[in-house]
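Each of the two complexes below includes chain A, the first together with chain B, the second together with chain C.
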Partner chain A sequence: MYVAAKGGEKAIRNAHALLGKRRRGDAGLPSITLDQIAQQLTLAVDRVMAEGSLYDVELASLAVKQARGDLIEAIFLIRAFRTTLPRFGNSRPLDTGDMLVRRRASATYKDLPGGQLLGPTFDYTHRLLDTSLGGEGGEHAVETGSDAPLAMPRVTDLLGQEGLIEAAPEDDGSEPFDITRAPVSFPVDRATRLQTLARGDEGYLLALGYSTQRGYARSHPFVGEIRFGDVEVVLDVPELGFEVSLGTVQVTECQMVNQFKGSAEVPPQFTRGYGLVFGQCERKAMSMALVERALRWQELGEEPGSPAQDEEFVLSHCDNVQATGFVEHLKLPHYVDFQAELDLVRRMRAEQAAQMKEAAE
Partner chain B sequence: MATLARAEAGEIDAVLARLAPLPSAADLRPPEVGLVMLRGRTGGDGAPFNLGEATVARAAVRLADGASGFAYRLGRDARAARAAAIIDALWQDADRRAAVEAALKPVRARLAGEVAQVRAETAATKVDFFTLVRGED
Partner chain C sequence: MSAQPISSMPRSSMPDITYNFAYLDEQTKRMIRRAILKAIAVPGYQVPFAAREMPMPYGWGTGGVQVTAAVLGPQDVLKVIDQGADDTTNAVAIRGFFEKTARVATTTATAEATVIQTRHRIPETALNENQILVYQVPIPEPLRFLEPRETETRQLHALAEYGLMHVKLYEDIARHGHIATTYAYPVEVAGRYVMDPSPIPKFDNPKMDDCPALQLFGAGREKRIYAIPPHTRVRSLDFEDHPFKVQHFAKPCALCAATGVYLDEVILDDKGGRMFVCSDTDYCNTRQAQGHVGELGVPAEDAA
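On to the complex of A and B.
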């Protein structure tokens, strides 16, 4: 039976007020500031910017606070915010070769021009909880080296000079597809995949990237290079007739170098997968590069059949805002749907009982 | 322009204060906040793709004495964008340019200092590899 339901306004109002109180926690403690979140929970803020697909440290910090540390909720808030603003234009492609490098590592060359710079990394830590962090931390003195700028060519450029690695697809001047402006229909081009993966869920891409290492679309990857640092944002302003520098953003870039492809015309070369992510999101950049490479199976003449190669599956499920929206909507009222199902299951049971009675007679 | 895009709001106010008295400024474009789609290149050097957006504040002004200026800055500080546009307009005036440059000097020094500090701190984490000699003697 169908019964229209209305109500709950008061309950919702009170629930949101309670959420506010629980978010604040013990009122005797100081409220955490956005600067504190940005400075001390930096990697959470970076992840929110990357998957929220909006670079704004202050907004992402606010979202982390408002979401009580639930990063997917924070990403949702950021995605909702971005729909409220007009778009002024598209930047010139970021030049990651001209980065103020804060970290750089290569698993393929130990002596590369510019060197390997560990930067602020969890690598090589012992993963032992540091109880001293529970108290008030003081100043942290660090060693310093030379502040002279160093040229740091990308590892792929070094391999490319010898023709040992495939060249990146050429810039033919055409506008890249924008998944935020037009509906996606499969199959898609590489630019569309990269945009989708760049805002995709880190955990999901990590699992898919991991699956390629375990043999589902094996591509024998090496980290050619990971670099993290500041890059300049440059915008062409049509009404001014020249380009302007808007400031800098931080990005992580991963160049994955993978096994070979050759043909009658081209001798065997390494192939590549690419990852680029806002902020210091190394795990994400690496996972993105692995999955990006796996999705190129057709172009590289590889055997299909593994989950990470299935473009429609991978790209349709990597957005955690879409995913959480559809999964979490299941808890919203479905009373009418459920009434119909209840009615159906009762009828089926009655029919079955009648049939059994008939058979017994 | 690049300096004004990277300056803190407080620094921009300090620059304006140093340049006072200022001619009045009218908005050519009222300060507003919007988005710019940041692009990357496939493989770092190939065909472009859309990476994600960033917030940007912009403004354009015309000073009472005729010079116009504009500003585009990452972030959402529309007031700072307008102040930066006024500084840009003052810079267009050849008579004021030296004063503007002088007022911007501390900002440039602060920015250069920060870059140098990042480089120096990062350089200390550079790996010095040494090759282990095989025991074949």
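On to the complex of A and C.
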């Protein structure tokens, strides 16, 4: 007698209990706190906020903890929660020119108004394991300068004064497309493209951006400027008749300056690729700017044919929550379809065997 | 329909999170219902909708879950199946999700359900006009594996240009002597749109034709909804000299002796022993309870 495997419900319950136990690890050790995650795994939290499309340090820290450090899983948790949030308004566009800058680097000018500001960066560190971090220690005294913060005009605005770089597109006042509220259809406008890239997977954009540096849609990029800092979020409240500041968010902005030969209508000038990401995510902001620029081939009359230029390909596959779900769904049972294929393969093999037998006789 | 938050998760030092009936907010459900109405008005046409991120992964039924959430009312009785079975893990998880967020009654009995969410099967028990069958769809575009670009496939549908699909089926015949598509077998709906029936075995295709129940298809990741209204003509694509045929099983179900149903192959040992049993667990259990006994089954009264 045969009894089919049953008890999915109990198995799921037990698996989840085991997951909780594994998440907690050795119960003799103190449980990691959300503050510790937010303060000491800041860049993980930043990535979760950026790709989760929700700026909330506490919830992102909780997601990192709940996901056992699996950042794509944490991003997924944040996205699923984001779905349930009501939309009560749209902020005014962020003014990154008015940023409280914590770090700023330009690769195009040695010095510039506001100066270069190295800030907290891994750049120029020697990548040697620091065993002093293995214990409790790791306190660092920091000397702070006394200079008052300087105004830091964006490098692209300085270039723009001479007309050497294409003008930033004017705000025509129209409501931008919102990829979280409407289905995307191709071809897309720039707002849609930038939104999609901004929540796109860092690793995916890194690889595509890298490919443009190796000859697949080469665009001769320079980092005009990369800046990271705090920007005020301002909401227009029509009922009140004035703007209300909601607080600040930290963002990384990358303005990539690229060559352009010019065309019949446009004199030779530099063009831009743009990247903007929540938190300190420079790798992502730079990759985004490279890919954004590559996707503009049509508008600039460039030769197509490289992977990073293929809008439908790039944008349809950059979301890691979608990608991980669909790849991992292959774990789900497919035995009905597999049975259909088994039947077909057996039938085709029988037919072939019969034919070969016939031929042999 | 209640808009009251009815479920919550306890959290230690953080405020509780409460969710709306069936998880989605009312605005989102209204948006999905509009897409569903349009889909019903244009049978087989893929209506783009602003799919939301759901608390289960894309590819695991988020489209079906959103459609179910949008059509579900507090009086509904929900059945969820995966591979025809009510007790497969993903079916259990989705049923649990609606028990938690909508507190609707659930059932495993096809006849008792008003909404049935399914992955990869259509129940063996005939559906009626009071039921909605919600399919989970991974790739809604029947032409996708012939043409990967959405911009192209949209045009092909607009022009009803389905030559590619016929060429594919013809090439199957030229190469193998018959059509080698066994599941997700393309259909033509109401004489107009070619539609992917989701990865159901082609065995189930005839059940879609003239079905009294409303059939809704939700693809979350791909952000598409489509529908077959009740009593709509659904024709599996074929050729005059190679008519559409469904799979046949040599033996009846080993547990309930049913014939003319879709069977799963179960491997019994490592010596080639195998048996075939109903993929529809509710159908099989009901028959066994009625006293039908298959080759490897036991009479209902002895099983207790």
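Criterion: the second predicted complex is superposed on the first by the 346 of 361 C-alpha atoms of A that agree within 3 Å, B and C clash if a C-alpha of one lies under 4 Å from a C-alpha of the other, contacts with A are read in each partner's own complex, and residues count from 1 in each chain.
By definition in this document, a residue touches a chain if its C-beta (ideal position, glycine included) is under 8 Å from a C-beta of that chain, and two chains touch if they have at least 3 such contacts.
A quick note: this is a predicted structure, and the numbers were derived from the prediction, not measured.
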Worksheet item: Does chain B (first) or chain C (second) touch A:183, or do both, or does neither?
Response: second
Worksheet item: Between chain B (first) and chain C (second), which, if any, makes contact with A:206: first, second, both or neither?
Response: neither
Item to complete: Pick one for A:328: touches chain B only (first), chain C only (second), both, or neither.
Response: second
Discussion item. Once chain A of both complexes is superposed, is A:58 in touch with chain B (first), chain C (second), both, or neither?
Written reply: both
Discussion item. One more residue to check, A:344. First (chain B), second (chain C), both or neither?
Written reply: second
Item to complete: Tell me which partner A:82 touches in the superposition: chain B (first), chain C (second), both or neither.
Response: both
Discussion item. A:143 in the overlay: touching chain B, chain C, both, or neither? Say first, second, both or neither.
Written reply: first
Discussion item. For A:102, using the defined touch cut-off, is the partner it touches chain B, chain C, both, or neither? Pick first, second, both or neither.
Written reply: first
Worksheet entry | chain A residues contacted in one complex by chain B, in the other by chain C | 58, 82, 86, 180
Discussion item. Could you list, by residue number, the parts of chain C that touch chain A in their complex?
Written reply: 14, 17, 19-20, 23-25, 28, 48-55, 57-60, 62, 82-84, 87-93, 96, 119-121, 138, 149-151, 154, 176-177, 180, 182-184, 199-203, 221, 223-224, 247, 254-255, 262-266, 268, 275, 277, 279, 281, 296-298
Response to the item:
Per the touch rule, the chain A residues reaching chain C in their complex are 1-2, 4, 6-9, 11-12, 58, 62, 76, 79-84, 86, 180-187, 312, 316, 321-322, 324-329, 332-337, 339-344, 348, 351
Worksheet, complete the sentence: Given the complex, residues on chain A that touch chain B span 49-50, 53-56, 58-59, 82, 85-94, 96-97, 100-103, 110-111, 115-119, 142-150, 154, 156-157, 167-172, 174, 176-180, 190-192, 194-195, 198-199, 229-230, 232-233, 235, 237, 240, 244-249, 251, 253, 255, 272, 274, 276, 278
Worksheet item: What does chain B use to touch chain A in their complex?
Response: 1-2, 5-6, 32-56, 58, 70, 72-76, 115-127, 129
